[in-house]
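Here's the structure we're looking at; comments come further down.
Each chain carries a letter (A, B, C, D and E) given by its place in the written order, and its residues are counted from 1.
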Amino acid sequence: MRRAYFKNNWIAAALVAPQLLIIFVFFYWPTAQALYWAFTLEQPWGGGNQWVGLENFQAIVEDEYYWNSVMVSIIFAFFSTLLSMGMALVLAIAADRQLNGYKFYRVGLIWPYAVAAPAVGLAFRFIFNPSAGLLSHLNQIWPGIWDPIMNGDHALAMVIFAGAWKQVAYNFIFFLAGLQAIPRSLTEASAMDGAGVLRRVRDIQLPLLAPTAFFLLVINITDSFTDSFGIVDTMTAGGPARATDLMVFKIYEDGFRGLDYSGAAAQSIILMLLVMVLTFFQFRYIERRVHYT
Amino acid sequence: MADINIRRVEKSYGDTRVVHGVDLDIRDGEFVVILGPSGCGKSTLLRMIAGLEAISGGEIAIGGRVVNDLEPRQRGCAMVFQNYALYPHMSVAENIGYALKIAGIGKAERRARVQSVATAIGLEDYLDRRPGQLSGGQRQRVAMGRAMIREPKVFLFDEPLSNLDAKLRVQMRLEIRHLHQRLAATSVFVTHDQIEAMTLADRMVVMNQGNIEQVGAPSDVYDRPASTFVASFIGSPPMNLLPGRMTESGQHVELADGQHVPIPTALAQGRAGRPVTLGIRPEDIRHGPAAGGSGLTAKFDFLEELGMGRLFHGTLGGQDIIMHATDKTPPVFGTAVDIAFDPSRLHLFDVETGKRLAGESGRADKEQWSGYRATA
Amino acid sequence: MIERARGLNIATQIILGAGLLTLLVPLYLTFVAATQTLPEVNRVPPTFLPGTHLFDNLAEAWVRSNFGQKFVNTMILATGVVVGKITVAAITAFGIVFFQHRFRMLIFWLIFITLMLPLEVRIVPTYSVAANALSPFQQILDVVGLTWLLEALTGMRVALEWNLLNSYTGLILPLVATATGTFLYRQFFMTIPDELVEAAQMDGAGPLRFLWEVLIPLSRTNIAALATIMFVYSWNQYLWPLLIITDPNYGVVAVELGQLVPDSNTTGGGIPHWNLAMAGTLIVMVPPVLVVIFMQRWFVRGLINTDK
Amino acid sequence: DPIKFEYWYGLSGHLGEVVQQTCERFNQSQSEFEIVCVGQDGYAQAVQNSIAAFRAGKHPTIVQAYDAGTADLMMSGEFYPVQQMMADFNIAIDWDNYFPGISNYYASSKGELFSMPFNSSTAVMYYNIADLKKAGVDTPPATWEEFGADLEKLKASGKECPFAYAPSSWVDLEQFSMAHNVPIATNNNGYDGLDAELVFNTTVHVQHMENLKRWRDDGLLQIRTSQGGLNARDSFAQGECSFYFGSIASHATVHSVATSDLTWDVAMLPIYEGYERHNTVVGGASLWVLSKKTEAEYRGAAAYLGFLATPESERFWSSNTGYIPVTKTGFKNLKDSGFYDNAPYKGREVAIESLTYTEPGPLTRGIRLGGFIQIRKEWTGEIEAAFAGKKTIQEALDAAAERGNAAITKFARLYKGKSLP
Amino acid sequence: MADINIRRVEKSYGDTRVVHGVDLDIRDGEFVVILGPSGCGKSTLLRMIAGLEAISGGEIAIGGRVVNDLEPRQRGCAMVFQNYALYPHMSVAENIGYALKIAGIGKAERRARVQSVATAIGLEDYLDRRPGQLSGGQRQRVAMGRAMIREPKVFLFDEPLSNLDAKLRVQMRLEIRHLHQRLAATSVFVTHDQIEAMTLADRMVVMNQGNIEQVGAPSDVYDRPASTFVASFIGSPPMNLLPGRMTESGQHVELADGQHVPIPTALAQGRAGRPVTLGIRPEDIRHGPAAGGSGLTAKFDFLEELGMGRLFHGTLGGQDIIMHATDKTPPVFGTAVDIAFDPSRLHLFDVETGKRLAGESGRADKEQWSGYRATA
């Protein structure tokens, strides 16, 4: 716990004021408005609204496609996080061994981070194109084995892969930083204790990376729930047959595109609650296990 | 069978050589302390023994087997690190038992051995704690326990006490000694603290800039430092070193201010009229007219009270000196006062090389001194 | 450390190679597509070897999308966000970490929660706010009756208006408001030893001096990391500019990129010029990739103390 | 300084560029006004963004709104009826000169035109003459039965992809139902009241969708969407597939992207045997003038719309895009000048023919359903599910109808107490 | 005019009180060292003087002015921190001159003053370096320079030497002393190292668990510790404390194993037959039959060589004891050997309170002892 503080709280107020003002205007005010809409029927052109209580929520929870969207989001979150964190972790551990070419790999693995999501989406549309892309060869051998256009599972897999790809570099950076922060003497101590490289990874590095992994888990999961719009929009537009209808995409689609502001507002509220609960849960139950001091 | 033989071992990082062809033989069961200032290559040497650092040249053998190319785990050494390097995510029991776990030793046996080690280091009540929940001394003991449990042939310590406060340091020192008495494993202990080195070592190795300056029993090194470097590195406060010149008669050294210090004649051989460095330890100086008569005088400025004696700070022959006095003579400051020392406690060094003058071998040296003492 | 693990070393190299390949293949294909003509791009089966039209495509994409101006705009946007965010985040984190007041945790959570509701889902109300950033205050005045009161007293109607549509401010401000930077700083500030604060206090430094002369210089690597993240983030902005910018003079690159592949659900979209789109992608990628490569050393270092 | 006003349009790509040109032509034609035309990259976006902007008080004066948004706009009431506006600014327009099928679509029940007909189209069948010939077919199919048979022949002749298809409510449901004179919803497709109910799950539409699905299962039809790289139109234009259904608006685009050796033409949609062909309905979009603007801006808007209605403008628009002329004289002038006789314009008259095949009846007048954008989405989603084998066509259409009805009900509740103007 | 008056000062964190009503007067120009074990409240007290910690109760006055509510910068104190707390991003010159910069002092004057301070602390050649490029001792000096430059009325030091190695510690100690002699600013120095305290202090304040145990000159505290706590805290190795019982005659203390230790009669007053704790410092024990005759015996187990003397570890009266011997008598281990000590060097403490027995005031105590010494 910090013990040295400055006393002048007026200055503190002045310092936090800009950010609070901006988030009040651009975040809380609009969110409050959305919250209000969730309990009304809001005319798209702003002509007026009627208070309907929990009806919008009721409609949502009774809609099987809403639950489909929740499921899809959870699957997406789980697998894209697993995939990107898993891959980043393996690569970071490999890179951390600092064999020949380490610097080259480090740069090579970091810079995809800079590529914009729309560009990722476009590139992946290309690659996963069943008739023209890399996988079209597969289709020539086993026709129909890869069909993200009509096969929902394939489409979801494709979106997951692209979503994961986008995150690998970011996760890699954090894992590498985390690994390099592990004191060298611990590695040496375990080497003296008789542990080989792999054993060390398992017994020392992985456990000590847990705080980093936790941090990334929160970021990745939150991100996969809230920041997946771009990829879905460019790759599948939620289809086919709602197989990639992630919650945030559905909100945008129903609200902004379908002009159902109220229903979308209700969905936003649920999404926000869900993300908060997830974050809270992660903080409460996972963080406790991963911090050592 | 765990003697360690170090032959012309060198270490270079890129172009800079930090260990220059070191030779050292450590006998089975011996407790050797490597002492030297920061950056002199102590840790590097130790880590080469451990296998944590590749050897750039020469050869290290443990128990007669050359280990240059062996991995750390194949060398049968255990090491205690300066910052302990405990695994923060494991409990004390897991930390201690980790090596056994890797060796594939069953749970029951592991528990039993961890238990017995924990008892030995007095941590039986802390087995379930994480290192973060322990005090410095307790962590240090865990680090020790972790090394002990493997019953290694060789114990390596890299300044394991330097993070502890003074009180704990004294206590841990004793524990390490007891440990060594019990296990009788060959031990190499690195430190830059000379008290630690003196109290722990069977034999001390004093290093300087990648070279060994002196090897010997602690009292030998203290009483007959092989060079001005060793003389000033060992002893706190350090030995007073005064530039002077051997008189033509060879019976005295003349200091910068013209005072004459009587020296044992044996030392003068062939050096009459030549410049020398005269060494005398603070505790070997005392107040009062010299027993021999022709008294020396020094001027003191202030004293530091140690409780157990006092340190007088002043000048002699234009040079700062310190006298450690245990008597309660009322101090006189600012004017010349008589001081005295037993000539048998004097040290002479070559001005240029810094090497100790007189008989080359320690043995000869000793005899010479005791001979002198007897006749004095 | 002496380690004899040849097999493992080879495996490590293979893993790294494969990982690099996986990450780079999409980028490579982007490059390949950017070097081909339209028919070559659309050929089945595709060729994975670069063609010869890279520079034609780059030039064409550059001209067609008027990237010259878009680059300037995006640079202004990115710079604005980077500078704004670094500033706002730093002072906010400072106010939270180095002062002891009752609302610290409340403010912390107020900011933290903003991470959880993305722009996409509150886009319509946010848009209204962007059209008049003072509208919340106006409405508050209206509701509490102040507007009415003032009108009754002075005869003047209070009409607060600050339109952010089609402006750099509108592009920048909402992006500045998000929480990421504040967190990074908070984490870093928590590692600053108490003694440093106290030493400054003993030296007579007030909070602002401490912030400016001690904390900020000490946060340089963190600033570098945050700047990199924010630059990439704002350079790649898509949805928000798409929405609030209707004047092409304020257009940004990512939106322009999207326009190279028209919405094919509306008739007339024309054939997607994948080759140009990918050339555009390459062009658009250059600044953030350069920034990341240039900053990566500090980037990694700046993140080390933040994740614990 | 000229009076500036904004115009947001949804057309993109080549067609979007032509829209820009109309703006430039207008600006050059006079100096009193300056129109600022902003492409919104898609019909849907144009409407959504306008609504968002409207709520914020920053909307454009004119917006290009597609057919599906018509009911939403009408019910909002937030527009300046163009007929009224032109009258207010004394710009004479011969409203009777407009094709009735077109003007009806955008008019109130009393016949007042709310928005300006602009880019009008209808769906047609694009076919590859050479491929058909190779398969032994000389005339394009007029019935779906023939169409099915032709697919078989094409396949037999070695064509991998006889039919490029992407589910499209506009073609498969809306234009199809009009041509067959079957209802999409009760209340005469919604014209008679907001409380309409969808019935497309009970008409020949079901059979048609089942056929499509069967063709796909038989490998006669390939799904081509932009998500898969080449969309249906481009698959056709590249010669990969022999048939494709889409808007006549693409006529110019197909010309511009077709491979040089492609021989192709368009024809009216096929009809199932036993059904009598009726007129199809106008598609595309019209121009709406939104409320809450200044008089000066309205004056400018009126001037622009007046400018678009001139024969030269109409000619410019129709010759540079595939859209049809919206006035009878406009069509006549073009036709008389031999415009439709030669490539690249040859064939576009098929659209007029289709639109005017019969006089619009109660079921072919158009669709006036609230929340129709949502309904299209539901339909697409369900059809995709059926194509993916998750349900039968009937189940899919039942679900689409049910969900669509919910949207209609919600819309009715949203505007409780109001009725269609 | 910078005397410091501390009146019934208390400090609580929430419900736990960590400083319990401390009273202390520090004279202008005095060098006071606060000594005590970790967690006893030394830093807290110091930080309350500095204004870094709010005062929960009582009053602190500096130069006669109550400072309870003043901010740190208004109190005219400078502080040197344990970890130096140098600004890592500023050069040495900037670190030293920072306070002046804040005070708005012009560049030229600042440079001049930084220069003169740097010369005083011997860092003129390092002004452009960053703290990261300095050795521990140099950093410590920068911290000192930073405090000096403000010419404060009061210097506060919070364990400024504890991060240095032994050698440097000695050297820095001297420098601090010199500094104090030159500046004559009131200084309060906190440490848990008793050597540091002894050598530096004009007056020592020994704290324990938030209370002051003893205040006095270092030699007073060393020679006449007010309690067993002070006795065992000061001196290294610490004073041997042996439980015993006053004989009925009041002339001896009987140890657990029945041996009798003669004591000065004055101490026995009214305590005949009662249990007492007997204290004797390691350096006050020596080999050999007691001068008086009736010898004591102890058994020794091993010794530690210090160079300057040796520590014998063993038992006396069933209790571990340590003897610091400077003579070179060959060690005898495992069997009882004669030891002796001057009764005048004995200390007696109350078993229950731990307080020193005999005259309450230090002065009376002293006279009594010297009286005894004279007659012995």
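Basically, a contact is a pair of C-beta atoms (placed from the backbone, for glycine too) under 8 Å apart; a residue touches a chain by one contact, two chains touch by 3 or more.
All values derive from a computational prediction rather than experimental measurement.
J.: Minimal path length between chain A and chain D through chains that touch?
T.: 1
J.: Through how few touching steps can chain B be joined to chain C?
T.: Steps on the shortest route: 1.
J.: Which interface, named by its two chains, has the most contact pairs?
T.: Result of the pairwise contact count: A-C comes out on top.
J.: Report the inter-centroid distance (CA atoms only) between chain C and chain E in whole Å.
T.: Using C-alpha averages as centres, the distance is 58 Å.
J.: State, to the nearest whole Å, the distance from the C-alpha centre of chain C to the C-alpha centre of chain D.
T.: 38
J.: How many angstrom lie between the centres of chain A and chain E, each centre taken as the mean Cα position?
T.: 58
J.: Which positions in chain B are in touch with at least two other chains?
T.: Correct list: 51-52, 71-72.
J.: Of all residues in chain C, which are in touch with two or more distinct other chains?
T.: Within chain C, residues 1, 3, 42, 44, 123-124, 128, 130, 195, 198, 201, 258 contact more than one other chain.
J.: Among the residues of chain D, pick out those that touch two or more other chains and give their numbers.
T.: Residue numbers touching two or more other chains: 44, 52, 55, 229-230.
J.: Report the residues of chain C in contact with chain D in the complex, numbered from low to high.
T.: 39, 42, 44, 123-124, 127-128, 130-132, 163, 165, 242-243, 246-248, 258-259, 262-272
J.: Mind pulling up the chain E residues that touch chain B in the complex?
T.: For this pair, the touching residues of chain E are 38, 162, 165-167, 170, 173-174, 177, 192-195, 198-199, 218-219, 222-223, 234-237, 281, 283, 302, 304-309, 311, 313, 324, 326.
J.: Could you please specify the touching residues of chain C with respect to chain B in the complex?
T.: 1-4
J.: Given the complex with chain C, which residues does chain D contribute to the contact?
T.: So the residues of chain D in touch with chain C come to 6, 8, 10-16, 36, 38-45, 49, 52-53, 55-58, 60, 121, 226, 229-231, 233-234, 237-238, 240, 246-247, 249-250, 253, 256-257, 259, 284, 321.
J.: In the complex, go through chain B and note every residue touching chain A.
T.: Touch list, chain B to chain A: 50-52, 71-73, 77-79, 81-83, 85-90, 98-99, 102-103, 130, 132, 146, 150.
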